[in-house]
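Note that subunit A is present in both complexes that follow, paired respectively with subunit B and with subunit C.
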Partner chain A sequence: MTEPRPPARFAIGNSSDIVTARQAARALSAHLGFGKAHQTRLATAVSELTRNVIQYAGEGSCLIEDLSDDQERVIRISIEDHGPGIPNLPLAMEDGFSTSGGLGAGLPGARRLVDDFHVSSAPGLTRVVIAIRKPA
Partner chain B sequence: MTVSLPQFLQAHRDEMLAEWLAEWSSSSAVGLAATSSTAQTRHVMQTLFDEILSQLMVAPQDPPPGLDEHAPLCKHLRHLAAEQARHPEVATDPMRMMFSLRHLLLRHVSTWIREAGTTPVAEHLVQVNRYFDQIALFVFNNIINLRDRHISEQSLSLMELSTPVLRLWHRILLLPLVGIIDTGRARQVTDHLLEAIARHEARVTVIDLTGVPIIDTSVAQHIMKTIDAARLLGSRVVLTGISPEGAQTLTKLGIRFGDVICRATLRAGIAEALLIIGKRITAMEDQAR
Partner chain C sequence: MRIPILRLDRILLVSIQEDLTDDEAMQFQSDLVNRVAEVEALGVAVDITALDVVDSYMARVINDTASMVRLLGAEVVICGIQPFVAMTLIEMGRDLIGADCAFNLEQGLEMLRARIVHRGDTRFTGDEDD
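The block that comes next holds the complex of A and B.
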């Protein structure tokens, strides 16, 4: 098995950072042998979550980690910001709920795009952790 | 006998200018010296030199007067900056040129101070330095402004380039979307498209997404708005070029493009568009029969 890649952290502050982060996610998933569909799903989820950071918190960060071991290829991505937080999380996770006139598909859609999805939010810290995995 | 600083500078003017020119042309085999004609550079340098010298001949003031934007000096400094902007590989040349002159003048003023031996020593040196600080700031600001303008012009023309609306056939338009669709570009694309639909009375618009790397919810929403607007003008929309993994992702996101006609490839989309206006592409022998 190849050495896991070192974690990479990206500052998220403008729309070109979204592109940088999702390209890094796609590149790592391609490197670890995930298929095209998996790559696109992961990149799209990163795109959604980082755009939420910019849209609702102004800035934040995106940490991409390779947690693969002998049994499994795992990519974990943690996206967090220190913005106002999501007031009603269950509502925000519903399809079609948006406070910005968007489609309201970002959070619920991202959850369906990846294998693991955890979100926690309070004023001052919103963190979404996603992961994709496949057998080695 | 002591000479005043203006007298001293006046007496050494030719000598100092020659020294500066010689030093410059030997130090820069490339750059300004190479890109613009020597005569032109000499002319610019000579004018700059005389302007700067005349400033140093007046009594030192505290604080020193700011540079006069309209004076010939600033005109020539702007010219230097513009020259630099055109040759980014010699980015530091204008500054280097000014710093070499400062060095030279400081040396001569020091000589004068030593020979005259009377005046407060620091004052004159400080004045030269301050004056050159202003010049350096002025040149630097100019270079930055020119660069900024250059960059925004480039990104504007890139935006223009990447959103062509093509007339595919009589009353059929093709909008190939390429790259990143953000709010600014989406608006621009829609404007272009609507204008073209009206101008050509288009009945069908083929929007091709082959060149869009990621279709996330915001891109999807932009495309939906474009489609709605096209429909309001009476054009049907055929959407093409969504990759299999893109389609799967859109489904997971829960996004549907209403009752738009979707085709996997641009080829199939064009066939569909022709069908809508009652045309079809056939082989030549069919016609002969």
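The block that comes next holds the complex of A and C.
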């Protein structure tokens, strides 16, 4: 198999960083042989989550890792910030819930777009870890 | 980057050719709305074939832009949403895009023409002389 790509970390601080991060996620998924549908889902999820970082925390980071092995192609992406945290996580995961007049589609939508989705949040650290996988 | 807005008589054509940042999307919204008012456009076709990500923010910009343009009195059609983008949008949440859509620019223009005729506006159809 091809050598795994080294992890890439992106600072997220303005709206062009969102574009950079989602394009990097798409490029890696294309490189690992994920189909167009998966590439689009992953890029869209990254777009939502990095935008939340900018909107609610001001800045943060996005780490893109290739965790593929002989059996499986895996991309894991960790998006985190040191902002105020999400006060009511179950509520924030509901479709349509927004404190900013948004569509409230970001978190619940991103969850549906990927294979793994974990979120933890407290004041000072919010981390969302997503992954997509497919057999090698 | 600024998105060029082409004018064909009283129809405006916009083709978004690359991935937009949020700021560029907002700039596009105000440019288009201003242009519609300026030329008193009857219809606007927005081609998004080249967009490979339409997330909830972009969906909102598209919907809001369409609503604003309609408020001014013009018809709007969004053209060429990629199949994978459409699938992703539906998975994200139903009804994220509320604007009218067409397969491509050509069909979008036909739709606009039909709408404008239906409104009884003959300025675009050329049935009028002035």
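Here is the rule we use: the second predicted complex is superposed on the first by the 136 of 136 C-alpha atoms of A that agree within 3 Å, B and C clash if a C-alpha of one lies under 4 Å from a C-alpha of the other, contacts with A are read in each partner's own complex, and residues count from 1 in each chain.
FYI, contacts are C-beta pairs under 8 Å (C-beta built on N, C-alpha and C of every residue); 3 or more make two chains touch, one makes a residue touch a chain.
Computed from a predicted model, the values in this text were never measured in an experiment.
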Partner, of subunit C and subunit B, that touches more residues belonging to subunit A: C
Contacts of A:Gly102 with subunit B and subunit C, given as first, second, both or neither: both
Partner chain(s) touched by A:Arg112 [first = subunit B, second = subunit C, both, neither]: both
Touching partner for A:Thr44 - first (subunit B), second (subunit C), both, neither: both
Partner chain(s) touched by A:Glu65 [first = subunit B, second = subunit C, both, neither]: neither
Partner chain in contact with A:Glu80 - subunit B first, subunit C second, else both or neither: neither
Where subunit A meets both subunit C and subunit B, residue numbers: 15, 19, 22, 36-37, 39-41, 43-44, 47-48, 51, 95, 102-103, 105-106, 108-109, 112-113
Of subunit A, residues touching subunit C in the complex: 15-16, 18-19, 22-23, 26, 36-37, 39-41, 43-44, 47-48, 51, 95-96, 102-103, 105-106, 108-110, 112-113
Residues of subunit B touching subunit A in the complex: 180, 182, 214-218, 220-221, 243-246, 248-249, 252-255
Subunit C residues touching subunit A - in the complex, by the definition given at the top: 19-23, 52-57, 59-60, 82, 84-85, 87-88, 91-93, 96
Touching residues (chain side subunit A, partner subunit B) in the complex: 15, 19, 22, 36-37, 39-41, 43-44, 47-48, 51, 95, 102-103, 105-106, 108-109, 112-113
